[in-house]
């Protein structure tokens, strides 16, 4: 039986995830009477810088992080525990098979996922109805819809790029739709020059939207949350965002008949659709004190029941990673699940800043932001990115 | 016509009145000294004339002009401060020329005036220095130079020498006397130094608690004080005062073994209390069988001061010359000329004459 | 009595001619300062001086903060030379340096305005000083709301006069100025207090002398008052320069360096490079810090030099 | 006195001045006043766009209530106190000693040491960031209040020494000589003669350091994480993350965070202002 | 045996030597006063004795002990500073008892000693006050009290009265004289005040630029100065000096219309240049047809100073008594007794006797 304390550091600091995390900790604590669970929730942005410190200085037993390339610095520095043993256990191996790739580096597994979520366009159903618009399936409709929205005195898309990554989402989609998943991966892996014509094509498409005035003004001043009210107030009709945006939108008063979702439409019909579906994860730091309890906690987290519960609409409102659990009966989640499992033949990407190395991501996303404000600077921006690429990889 | 006249001048700070109805007229070219104990209002009065303090009521005229409500800059006065108040960031030259520059005089003119003042004050070698690099006496000269340059009708000095050491003070005193002779302007001078007052003044104004006690030439005040305060204030060492009682046309002094001092002044009724004033310079001591005792003899070379105590507990100072070696503690007799004694009413402290 | 307290001492040195004891006694004047200094100096060396040297050293390495540092010589500096972001930061620092100095005349102006003795003026003075007391974090928040492009007071006011709207913090040409203005707010308050105390120390006799000399208003201020405020100006200058070079909190709170890095300054950029989400290039960060340090060194040297000049005069 | 005392000018200008001062003050503090008003507004005012109007209802109690009972704010405040107070005590104690040594004794290297403190104090502290963080990590003090306190003490000692040394220099040196002639040991001179005379400086410095440390954000971010040890400045940013766009709560939080140094300042105003110039100017 | 002896005492600040080989012995119980112009090293010498300045070379003994390398604390001296140096945060009582307390004396003993000192100095009413609440004179008394309490062998005073105003200065001077008589300790006293030096000292040490010029009792120095510097320094107003030429057993003085002053001193060869020293007190003036002119008469009441200028451009001061009213500018004749004249070698400035 487990004993001692289990220290968990979590970045689930938004209200809903925080509640989920707290509840999980409590539950796990209750399941193991001799074990006391200590949970520290750290602001999500701050967590990203602080993880380095605590992993080496005072490692907890369990810590949140992200999948794919984002794990690499810690894996190569030996700060994450190899938990291939867990992945060898049948319950996990089978139930989590679909995410194993994202958790694997150097042939070993370094953590378990606990949730993932689709990205896509969340839109104001009532506005679409009012203007008589359909969910677009192709680029032309996408743009003509937008034009109509603009004509009605609204903006097509809200976005807040103060913290840069939201622009990365747009780039991911535009690039994957223009050049396909494989090209996108090659680009984030530094195998393609940023000055490549194909990249330029992506930006050309993006620019069409910018020139139309599709995005809200002053987006560079807002965080993603601060951009929400534009959609709530109906000043903007849609938001390309992860599913986590649904909760605050609903909280802000948008009802089911006001909020809907569609997959980002195809641009280049020759490439297969691919999606972003970032996976959030739990890891055991290699310096953890109570690794046994930590492993038990990870098992608990990914268990089918728990997955059902924490990803439910009342909780995270996202997709469970365990194939044995059921997706909450939620309009968005169902659509997302459906989209990811059947309509994403191209592949599933993590997200720009998880697929690309940190330094490249930061330079690139800054460039995206600049492009969205000053599209004319494109050549200059791309040259800069290319230079960074040459240095980073 | 640039004398200064004050008529019923009053100064109040809030409810506190520090200058009471001062009437005073200072003639053109006169050197007038204000003396009085600390806090009596000397500086205040001077600053009222300068325009640095508002006059609460009454009038101040300089020459024919009523300047009571005029700005300091427009009164045509110059002032030398105790702390010199030189501008530390300007050279001596700039310090002296500053007033002219502010009034828009041409550069050439300023240079000329400064050169002249610096010649008078022998400052030529220091014109390019900053005040910090000057000695006390030189700074004082610059302060005076600054006043001269503006060619004012009236000079005001507020204890200009009190920051200097004894030797320099003597030199500067002589310098100021010379200056007054040379430029002949009206000067008003505040000091609490006896010697300065006596040697410089044409006219001394003795102030006490914001009131004028007596006005007159130094020797007038010395020889003919109006009241005990002035008598005690002017002269050094101060006048000795002994209590006495009127008896006929004389005063009986218990401290001096009831010696009867004959006097020609108009005495009050027999038995009235009076004070007898005796200047130390008018007294002499001789060893004698007496109830007066020589406590201490301070010998300063040319002059000695004898401290005597009387049987009534009153103290006396006697100034003696020469080197007689009376040991301390001897009984002594006091000699003086009855005519040299001053008599004051004990109650009003007014001089009886 | 004097004999009493002397007796045991002569006695002890006579009976036990312990060398160390008498050495200690003889040198206690010389030793005392070092004993008093020891704790402070050790702390300071340990936490300030050595780290500065370490930073210099680190700037020659490549290090991500996790593995082993790798020596790369001047590579970091070479990279700095053609790092656009570094260039932008440097220029922004220059803007900060110049514009931040406006706090000095502004502070002087307010100080002159408030240097009166009317009832309640003390309260006014301290209320004017208020912005300096509150955290820059709060100042940053307050000003970002003030500038907010949709509801900020600035745009409301501009709208009344028929201008705007402008997005100060979103416009790369305006953003730095916007933050500097936010920074000027507390800094002006600081300079104001310095000048208020300075004005207190102005020799009243000199002012009176100048009045007699016919200097009034602006002339008086220029020729007599400002020269006398030199010490206050000096301190104001030093603290303002240092404040300008250290500016971090406001940028971090108001724009996080954006939009697209156009409001970065060196101190922020080095934090970003060394410790932020996408950073962890410790060596590169250290190199930026070294550059910043060298700039600041000019001012430190100036400050020390003038202190040395002052000190020579004193005891 | 410059400018000319207002009492000596015309009645009209006096009245104007008396009206001008409060008006100017309101302009000057406008951003703060706005925050204060924000903090008592109901949330509805922000959704309806009533940012700058009169609050539609007074919600001060519930807003502040949520700050104090619905968030980590009290925890952060406590942390700030636990960080600030020991720092103030430590830095002042150390600098009294260094200031005494540098101000009173003549020995070789005196000026050099003094300049070391001064220069160190004016260094861009970002240059210390990486090494100090590593140092703190190595000592196992990362993310502890102790780690933060130790560093703050060391860094503030530079400034305090500058201040204290200049203050002690301004004391009459004869006092120390008098005590020496009286046969008083050096440390007793420090304790019984100099220290009591330094009370005003100590008071002034305490307030200054209190505000500096309380308002520190940079080092809080570099050396600590999470509610268990971060001070209120860092707390308020995470508070803002938690209540993003809930301006009424953010305002209330900001006000709460700003209050202690403001209170300290008002309590010790006189010392504080004297202190600002004393140490630095002379 | 607690006299103070200095042997070849030298003080250097870096390369600048400010005290040159001073040999001096002060007897037990003696009152010794250091005088000299500002900057001559009076304070430095005193502080070397106190142990507040290191002695660069030479020895200092207090009684039999060589204290040259001893800490100030161990020398058994007490010092009274010009600025009093009272601890502002302690009451008068604590100020006086502080030294004893720090050296671990029992409370009872301290109280006793303080009570005695306060009785001597009449401070009983102020024991509970802080220095701030005292007047200048009272503070000075506390400073002296603090010195007394420790019962030191030697008292050192550095211009203790110079911060007091004239009147108080006189009182405190008398007080210090009384104190010296009462406790009889060795006292060394620095001043630049003539009167203090003359009245207090058993022995005056005249310093000049770090060297001892002459040592002796006040009247010795006044009557029998060794050189021109001492003669000019002691006595007020200072001695007048006139150039003269030796002729037989007399000196011919051009300034006095070649008057030949007979003298009994050993004169150098005929034609040698000498200086004739005349004290203002020994001179008198009468109106007469002469080439001396009365420039200015300063009348201070009892005494007047006449400033004369001679045809050679030398200046003279004459002290006169009485009220004769010679107008300024009159030609006057100078009267004096040849025997009162001092003669100095012009080159070495040494007195010729």
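Each chain carries a letter (A, B, C, D and E) given by its place in the written order, and its residues are counted from 1.
Throughout what follows, a contact is a pair of C-beta atoms (placed from the backbone, for glycine too) under 8 Å apart; a residue touches a chain by one contact, two chains touch by 3 or more.
For each chain, UniProt lists the protein as follows: B, E = ABC transporter, ATP binding protein; C, D = Binding protein dependent transport system permease.
Everything quoted here is computed from the prediction, not taken from an experiment.
Asks: Quick check on the contact graph: shortest path length from chain B to chain D, in steps?
Replies: Graph distance in the chain contact network comes out at 2.
Asks: D-E or C-D: which has the larger count of contacting C-beta pairs?
Replies: Higher contact count goes to C-D.
Asks: What rotation angle superposes the Cα atoms of chain B onto chain E, in degrees to the nearest 5?
Replies: An angle of 175 degrees brings one copy onto the other.
Asks: Using mean CA coordinates as chain centres, what's the chain B-chain E distance in Å?
Replies: 27
Asks: When the C-alpha atoms of chain C and chain D are each averaged to a single point, how far apart are the two points in Å?
Replies: Each chain's C-alpha centroid was found; their separation is 14 Å.
Asks: Quick one: chain A and chain E, Cα centre-to-centre, how many Å?
Replies: Those two chain centres are 94 Å apart.
Asks: If you average the Cα atoms of chain A and of chain C to get two centres, how far apart are those centres in Å?
Replies: 41
Asks: Can you pull out the residues of chain A that are in contact with at least two other chains?
Replies: 45, 49, 56, in rising order.
Asks: Do you know which chain C residues sit against two or more other chains?
Replies: 5, 28-29, 65, 224, 275 - these are the residues of chain C that touch more than one other chain.
Asks: Which residues of chain D are in contact with two or more other chains?
Replies: Residues 133, 183, 185, 237.
Asks: Residues of chain D touching chain E in their complex?
Replies: Per the touch definition, chain D meets chain E at residues 172, 174-175, 177-185, 188, 192-193, 196-197, 199.
Asks: How about chain E: which of its residues touch chain D in the complex?
Replies: Where chain E meets chain D, its residues are 50-52, 71-75, 77-79, 81-83, 85, 87-89, 98-99, 102-103, 146, 150.
Asks: State the interface residues of chain A toward chain C in the complex, per the touch definition above.
Replies: Counting only chain A, the residues touching chain C are 45, 48-49, 52, 56, 73-74, 76-77, 79, 161-164, 217-221, 353, 358-359, 361-362, 366-367, 369-370, 373, 384, 391.
Asks: Can you tell me which positions in chain A touch chain D when the two form their complex?
Replies: It comes out as residues 9, 13-15, 40-47, 49-50, 53-54, 56-58, 223, 225-226, 228-229.
Asks: In the complex of these two chains, what residues of chain E are touching chain B?
Replies: Checking each residue of chain E against chain B gives 38, 165, 174, 177, 192-195, 198-199, 218-219, 222, 234-236, 279-281, 296, 298-303, 307, 319, 321, 323.
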